[in-house]
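Two complexes follow with chain A in common, the first pairing it with chain B and the second with chain C.
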Partner chain A sequence: MTQRAIEVDTLRKEFKSYSSRSGLAGAFRDLFTRNYKVVPAVNDISFTVNQGEMVGYIGENGAGKSTTIKMLTGILTPTSGKIIVNGMNPHKQREQFVQTIGVVFGQRSQLWWDIAVQESFRLLKKVYKVTDEQYDDHMNHVIKTLDIEPLLDKPVRKLSLGQRMRCELAAALIHNPPLLFLDEPTIGLDVLVKLKIREFLKEINEKYNTTILLTTHNLTDIEALCDRVIMLDEGSIIYDGALKHLKENLGDGKELQFQFLEKVDLQAVKALTTGMPVKWALDEKEHIFTANVEDHDELVSMLIAKIVANYKIKDIKINETSTEEIIRNIYEKGAVEVG
Partner chain B sequence: MFYVSMFFQYLSQYIKTRLQYRTDLFVEFFSDLLSQAINLIFILVVFGHTDLLSGWSRDEIIFIYGFFLVPFAVFSAFFNIWDFNERYIVKGELDRILTRPIHSLFQIILERLELESLLGGITGIAVMLYAGSRLGLTIEWYEPILFIVFVIGGALVYGGIFIMLACISFWADARTSLMPMMYNISNYGRYPVNIYNKLIRFVLTWILPFAFAGVYPAAFFLEKKEWYWYSFLTPLIGIIFFVLSVMLWNQGVKKYRGAGN
Partner chain C sequence: MDKYLEMIRIRFLMMLAYRTNYYTGILIYSINIGAYYFLWKAIYGAKTDIQGLSIAQMTTYVAISWMARAFYFNNLDREMAMEIKEGKVAVELIRPYNYLGMKTMQAFGEGIFRLFFFSLPGLIIVYFVFPIQFTWDLGVWGLFAISILLSFFINTELNLLTGITTFFLYNNTGLIRAKRVVIDLFSGLILPMSFFPGWAQEIMKFLPFQGISYIPSMIYTEGFTHQQAIAALGQQFLWVVILYLPILWLWSIAKKQLVIQGG
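The block that comes next holds the complex of A and B.
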């Protein structure tokens, strides 16, 4: 029953770049013979995305995210491999294909700079051959949810970044595409706008079963929206699966922080918990005792019980390893081993 | 026709944008008008000193120049792609173009309309009428029609050549300084080609056929029978070059590498 929105098989994109030799003599030699180097920006990746999924596509700068998105949207021609998006070959059937996708590039505007937002919408409506009924039915709702009604008669150049991004998002949805590509949609936005955009994306995903592929450096976006992440490093996929799974398997346990009412000796605390797999550390300045334990429910409660029984406590904090830390760890190791 | 309706949609958008800046619009209109007037005086002064050039009289040369201004104005109004590399490749604007369901070249032409350039065409027609009346030329019923056909042909020649030049950006990374050079070469097409040596004449006829936007079609209205053959080639050459340039463009888009973020 589930339909494939994106099917990618051993997709590869190589860029030819040349390295220049040093010095003036080198520059002259470059004039005649250049040292070409073929660099694969995307290195034989394969994945599929089903209709209605929200997928986070993450990776460091230069990992090949943008290149992949550009191949999926038909902007770039792949060097080799197969792409089928919405049942079409993006580059070969470009004009027909782009009718079925919406694209938001966070750093580039889809709207006309000098004219009012609604004029841009009107032109895009004609470009995508959207009928008045379809437009009214769909866009009135979009405009209301994104709260851009008061912005419609203002020229784009007078909008703030947050206002513009909401208009961009609306513009990408004029033809109500079943697949939406978002490249850094929340870059530079304040928290309120970010929340509004997230809410909105969830809503259209539920309402229209829209597939969303999202690239961002902001992992809270991914955590809030995506069940699945695809992680890219140097052109290869190093992880593809549930975000939860990644956290459970790679989270380095929990961190407990204690602050006591009276002065407590670190050695005494250590002595109290001998036999438990706990690593203690003390922040001398703030008098915060930090215990690193493995993520094991009983162990945490046992530890807390023991401490509480012996000392008067001012404050306890339990911290989970953040996604950001997990991902940093992965990149440092360079690979993911999920059990 | 979707593309015709899109043309008018973008046209109305263009007019709205222009009307946004009222003062700007007036200032620009007057400065355009002024520069056209200066242009006109300049032509008359410069050509005032020439008498006869390889069998062409002063008024005939002025007439050719006047004719040239018309297809050139049409070209400038519709094929405003001299900064294609910088604007669309380096800044990556082509990404946006390519995610819309209209042919990419057509979109760029629509986005970059600059209809005020058409004013130059009025100057051109004025120059032709002035020179024509001094030469005692009469206007036959079919001549306005042929005039339009030749103007479109000449504009397509220009458009084709400059589109091909823009296509270089798809293959080469570096910015090319070919555009200004080409504008210079195109200037040669404004004058009777038989004043040049054979090689330049060959280039201006078959390789970079700028002569088809100036002397060749104009020769028809000057009733120079020995050039008629070339005159009637104008629309054909225009179409051939334009079609070639669009084919090259389509190939080039496949080679587009995109700009990094």
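The block that comes next holds the complex of A and C.
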């Protein structure tokens, strides 16, 4: 039987947002009374995550991702709604609850800045009441996989970002939690470190059946790790489901790029393909003609045939719509119409 | 309990990571003691005692107050304000410990470090430079030890209170500075309580500040009789208990309306 790791029901968080009046007179008035309005950062969202799932939690900046994570980890109190994580109420049973989770905030360090990494580990080991055997058994492996052995005796402030992030990840796993929250863990990292971290996350997910909730702007991370995505926009969930499903339904267009040997007029090209469902665009600088078509096999070949018959071609490229583009389209439209 | 002891150890390591701070600290404290010594010498002039304190007692009072300050003093309020402003408090709250308890332990680690590596060597230097009366009465040392421990708690509680206000005010640099001046002045560090005008002394009796510096220093210089000393310790203890209540109250409110700055 699959267990529920996270259960969220009509969760809502409102913030008071103050606005300053303009001018000097306004500033004086602000001293006494201030204008504010209540802004919902998270707007009645509901979802559940099963034990062992890897879920991507995505959204634009300010969509409410971090706020949700902070409520799920018990840092913030929700305005209303119900959260049960690992069978506990994160805010009410905070000290007991945080024993069962690991958190990595990509933008803030949880290691002590001035002391060696291993001292931080030692303190965290005590804090989470991890026994020596458990620590040796689990952490030796983690340290080896993340390749941080040579970094352990260095103070955190002397580590590069990539080195630090690997140590952060190890620190979050000292107590081998069944649920791991990662808030932009790969921000600013190079490709090699990113790959290493991804591999590692996959491995612990398989080995310990660890549930992972990942927020990131890097969609390749999500593609590599998560089967399921939850997409957030202005505090509401606009999509919750398989990533594959999203791609199949919305990413069915193809993009064709042409470069011609001779000078060609955009109007002429448009005139040539009248009657076909094609959208043309021209990059003036590079003289690249881009055609967006739907993914019917015949349409693509018909279009190419027609162009080749009429113009001399220097280069031709066929691109599939990337996840990034799909996501961008969704953000622009503000909703997902999955048919 | 293990984790709290470990925190003290970590704080030791952190203090050692910044050795320069530590050396300049000794220098600054010695200069302060020297400055106050010469100031008081000028004030005393030909007089043998003022307000019941002789010049030798006064010098000892100054030296002891500054050395005790090294133990009870900490920047907990500033640290908390920074952690809250930068949003680092989020990381503290995902750990299975009591944030305020851990902060107190950090301050305690810092205090013990300074007591042994800073106050004691400093006091030996000062002893050879200025005419200070050291007591060898173990009973006095015992009472003094209890007293500075209590003053550590009073001062730390005041710092925690000031630190927590960051949750509500978002920027409380002014408040932190004001608190520091108030403590230095009203705790008896700069001026013993008995030098204040009578009405001010009456008011101060109802405030926690003299428990921070005046009481331990008076116990050590034997400006108090034994009964007075015991009563003063009781008063300190009472303040430790009283100040704990608003901390609990403010902390529970703060957690509810906590806003984490920056993402």
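Following the convention adopted for this analysis, the second predicted complex is superposed on the first by the 277 of 339 C-alpha atoms of A that agree within 3 Å, B and C clash if a C-alpha of one lies under 4 Å from a C-alpha of the other, contacts with A are read in each partner's own complex, and residues count from 1 in each chain.
Here, contacts are C-beta pairs under 8 Å (C-beta built on N, C-alpha and C of every residue); 3 or more make two chains touch, one makes a residue touch a chain.
On a predicted model such as this, the values are computed, not experimentally measured, just so you know.
If you put the two complexes together on chain A, you find that chain B and chain C bump into each other.
Shared-chain residue A:V103: touches chain B and chain C both. In the superposed model, A:T73 makes contact with both chain B and chain C. When the two structures are aligned on the shared chain, A:Q163 is found in touch with neither chain B nor chain C. Judged by the touch definition given at the top, the superposed model places A:V127 against both chain B and chain C. Within the superposed three-chain model, A:F15 lies in touch with chain B and with chain C [touch as defined at top]. By the touch criterion defined above, A:I115 lies against chain B and chain C together after alignment on the C-alpha atoms of chain A. In the superposed model, A:T216 lies in contact with neither chain B nor chain C. Chain A uses residues 15, 66, 70, 73-77, 94-96, 98-99, 101, 103, 105, 107-110, 112, 114-115, 119, 123, 126-129, 155 to touch chain B in one structure and chain C in the other. Contact residues of chain A toward chain B in the complex are 15, 66-67, 70, 73-77, 91, 94-96, 98-99, 101, 103, 105, 107-110, 112, 114-115, 119, 123, 126-129, 155, 183-184.
If you check the complex, the residues on chain B that touch chain A are 2, 5-6, 9-10, 13, 16-17, 20, 92-96, 98-103, 254-258, 260-261. Residues of chain C touching chain A in their complex: 2-3, 6-7, 10, 13-14, 17-18, 86-88, 90-91, 93-98, 255-260, 262-263.
The touching residues of chain A, counted against chain C in their complex, run 15, 66, 70, 73-77, 94-96, 98-99, 101, 103, 105, 107-110, 112, 114-115, 119, 122-123, 126-129, 155.
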